[in-house]
C-alpha cells in the first residue's frame, strides 16, 4: 500500500506528483459534467415559458409540476416499483454477499458470481428487448402476466448487483474473527448474524439499498420497452412530455428527479464514508 | 465455582478422573493431492484439569490449528477430541464449554466493555441480574472497573487484552484457550500480563491451554509444555524436563541455547550411560526415553553447564576462543573446538572473572555433573 | 456445523439471488435467441415458424419484384457507425478522464472525498435527464446558439442537434464518469515512491508519466475503457433524444424493431449480434487484465 503515515513536510518546491495541465483538465471535466445539469436547474426557475430564454426568477413551475396528474401517477408507479425492487434486491444481495465473502469459495461460487454480475455486463437495450420478449412469451403460452410485477421483477434483476457490491465491500472490511468470537461465546449462527454481523454490516446494506433505489428510480431503457399501459414511471413520463412544446415545467420535473438522485447518492456516500472513519 | 452448565447442549461430565482435554490421534489436513497440507499430524495429548498447559512451537507448526480444533472452528480429519471424557469432535463451537482469547482480541466494536463481557452469558440465556453481577465480578478480577461503559475502540491494547480475557472467563468455561494473546503487547506489559495470567489460572481453577512461539514465556508460565513442529508433538513435559532433558534436536535447539557434540555411545543401563568424547574423555550422560543404540550419538550441553578454564590438559573439550559477548549479568564465550564444532559457554560475571580470557586464547572447557543429554535420533 | 452442511447452507443463501437473475435475466436472453429464428407476427410478437430470415435481412435485401437478394450495407453501416462512435468516445473519455483521475488521486485525502462525490453524482443521476440537458443546450433555440448569436459570432443558429456531432457529444457526456472512476481507483493505489524512484533516476515528468504511471495504471485503463465502450456501443437514450428519430445507432435501431418496425425476430437478431460484439470486447479485457478477480 502506498500509504506512508507521516506528517507532510513543508513543500520545498518540487512536487513530484504534479503533472502540468492536469488540474486544468480536471476542472474542465467538472465543468462539462455539471454545466448542462446546472443550466437545466437554473432554467426551471425561469419566469416565462420559453425554456432557455431567461426572463426572471419564479418557483411557479414547481407548483405546476407537482400538481400535474400525470406526474403524480408516474411518481406513484415509480415509487412502488423502485421501493419494492430495492427491498427485494437488498435482501437477496445481502444473503448472497454473506455466503460468498470472506470464505473459501464453495463449489459453484464462481458461476454464481458471474450470474450475479451479469446484468452489469449486458448492454441495457439487450436486457430490455430480452425481458420484453420473455414476458410476451409468458403471456402468450401461459397467459401469465404479473402486471406491474413484470417491471418490479425486471428492476430487481438489475438492482441486485448494485446492492451486492457495497455490501460485499463492507463485509470484506469486517474481521471474520468477530463472528468466530461470537460462536465461541455460545451464539448460534442466527444469533451471530443478528447481534454481530448485521449491526456491523448495516452501513453496507444501507449504501447498497440506496444505490439499488437510484438505479431503479432512474431506469429508462428497460422500463420503456417493458412497461405496459398504466405503468408509466417518472422517466417515461418525462420522455412523453418531450413530444409537446417544451416548457420550464419539464425543467422543474427534471430538477425534482435530479434532487432525489443526488440526495440518495450523497446519503449512500456519507454512510459508507462515516463508517470508514470508525470501523 | 463449578456446577454451572455452559453451552446450549450441556456436556455431561463422564468421569471425574478424565483429563480436561483428551486429544486422540487427531490429524487435520487442508487441500488435497499434491497440495495437501498436514497442519496437525497424528497428535495425541492429555491435558489435565486445573493445569496451565502450553503449546510451543515456531509459526506453522500446527499449534494454532490444534487450538482451533479444540475450540471447534476446525473439524479433525481423523481422530477424536474429548472434553472431560465426552466426545466433542462433531460439536460446533457454540455448543462447547470452551472459550477462546483471540490473538487480535476480536472485541465487538459496536458494544461497550460491559456488553462484550456479558455477551456469552447473554447467549446462554442467563437472567439480566446474574449477567450484571458476573460482569462486575469479572471487571474486578481483571481490574478494569472504571472502563465498564467505554466503547472497545477507545481503550488501549493492554486494556483490550484484559477485556478479552474477562469476556472469555465470564461464562465459566471448562477450558480457556489463549491464542498468542501477549504477542501484540510491549515488553513490560507482556511481563506483567504473564504474571496476571498465572494468577488468574490458579484463582479460577480453569484449565488454560496457551499457545505461543516464545519459549521463554512458555518456560516461565507453564505447568507443562508440548513442543510442536510440522504438525507433530515432539515432546511433552514440565518446563524443567523440556529444558534439561530435550529428547530431540529440534526441541534442544528451539528452547534455550544449546551446544551439540558428537560422541560415541559407551555402556548404558536404564536411563543413564556413558559417552566418549573425541578428546578421549568419558563422561556420564542422561538418555532419552526409548533408549539409545550404540555407536555415534549426538549429545547436548546447555551453555550454563560448562566452564571455561585456562588449562587444556585432560579437559573434555579444548578449543580457541573466537568471540566474547557481554550481557551484563553474564558473558557468552564462543569457542571453536579442535574438532571444528562451535561451542558456547555462558558464565556469570563475578568479580574475579573479569577479563581472564582473551579472544584468540586456547582454552579448555569443563562440563558439570549431569550436563550431558543424549538425543534421540 | 460440519463443513459439508456449512457449504450447503451457503449455497442455499446464494440461491435466491442467483435464481431470480437466472429466471428473469438469463432465461430472457435464451428467449431472444429462439425468437431470432422465428417469423415476425403482423402486429409485433412472433409466429412459431423457424426461419433464418432475420439474419438474412441483416445483410441482404429482397427485391420486391423478382425476389433476388441484394447485398445491403444499411445495417452494417449502422453497426460500423456505432462502433466508431463508441471507440471515439472511449478515446476522448480516456484523454480527458486520465488527467482528471490523476489530479483527484493526488489531492490531499480530505479534498479527495469531495472530488469523488462530485464525480460520482453525475454517474448516478438519470441518463435521460442528463441527455435532455445536453439537448436543451445544443438545439437551435438552445443556450449555445443564443450565446454565440449574442456574441455576434454567428449570424444564425448552427445546427448541432440531430447530427452525428450531437450524438458523439451526448455519448461523451454520458460516459465520462464511467471512465474517471475506475481510473481513479487504479491511480489511488499507485505507489508514488515509484515515481520518486523515476525522478531519482533522471526521468522528466513526461517520461515518468509515460514509462511508470501509465503502465502501472493499465488495469484501470482497461476497466474504464470497457466500462465506456460497451455501454456506448449499445447506447439507446442518446441516439433516441439527440438522433432525431433517424435510428442512427444500434441501440435505437433494435428498439425500433420492437416498436414501429414490428419485426421482433430482426430486433432479436440484431441484439444478438451486438451481444457477440460485446463478448469479443470482454474477451479482449479478460486476456489483458492482470490476473485480478473480475471486479475490483
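Which chain is which? They are A, B and C, in the order written, and residues in each are numbered from 1.
Simple rule for what comes next: a contact is a pair of C-beta atoms (placed from the backbone, for glycine too) under 8 Å apart; a residue touches a chain by one contact, two chains touch by 3 or more.
Since we're looking at a predicted model, the values are computed, not measured.
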> Nearest chain to the global Cα centroid?
Replying inline: A
>> My parser should flag the chain pair with the most contacts; which pair should that be?
In response: A-C
>> So the centre of each chain is just the mean of its C-alpha atoms; given that, what is the distance between subunit A and subunit C in Å?
In response: 18
> Where the CA atoms of subunit A average out and where those of subunit B average out, how many Å apart are those spots?
Replying inline: 54
>> Based only on mean CA positions, could you tell me how far subunit B sits from subunit C in angstrom?
In response: 61
> In subunit A, what residues contact two or more other chains?
Replying inline: 189
> Touching two or more other chains, which residues of subunit C qualify?
Replying inline: 1
> Which residues of subunit B are in contact with two or more other chains?
Replying inline: 92
> Which positions of subunit C touch subunit A when the two form their complex?
Replying inline: 1, 7, 9-11, 13-14, 16-18, 20-22, 24-29, 31-32, 35, 45, 96-97, 99-100, 102-104, 106, 113, 116-122, 124-130, 132-134, 136-137, 141-143, 146, 172-173, 176-177, 180, 189-193, 195-196, 199, 205, 209, 230-231, 233-234, 236-237, 241, 250-251, 254-255, 258, 264, 267-268, 271, 274-275, 278, 282, 294-295
> Hey, which residues of subunit B end up touching subunit A in the complex?
Replying inline: 6-8, 71-73, 92-95, 98-100, 102, 104, 106-110, 119-120, 123-124, 153, 167-168, 171
> Which of the residues in subunit A come into contact with subunit C in the complex?
Replying inline: 1-2, 4, 16-23, 25-26, 28-30, 32-37, 39-40, 43, 50-53, 88, 92-93, 95-96, 98-100, 103, 106-109, 112-119, 121-134, 136-137, 140, 153-154, 156-158, 160, 164-165, 189, 211, 214-215, 217-218, 220-221, 225, 235, 238-239, 242, 246, 250-251, 254, 257-258, 261-262, 264-266, 269, 273
> Tell me, which parts of subunit A touch subunit B in their complex?
Replying inline: 175, 177-178, 180-189, 191, 195-196, 199-200, 278-279
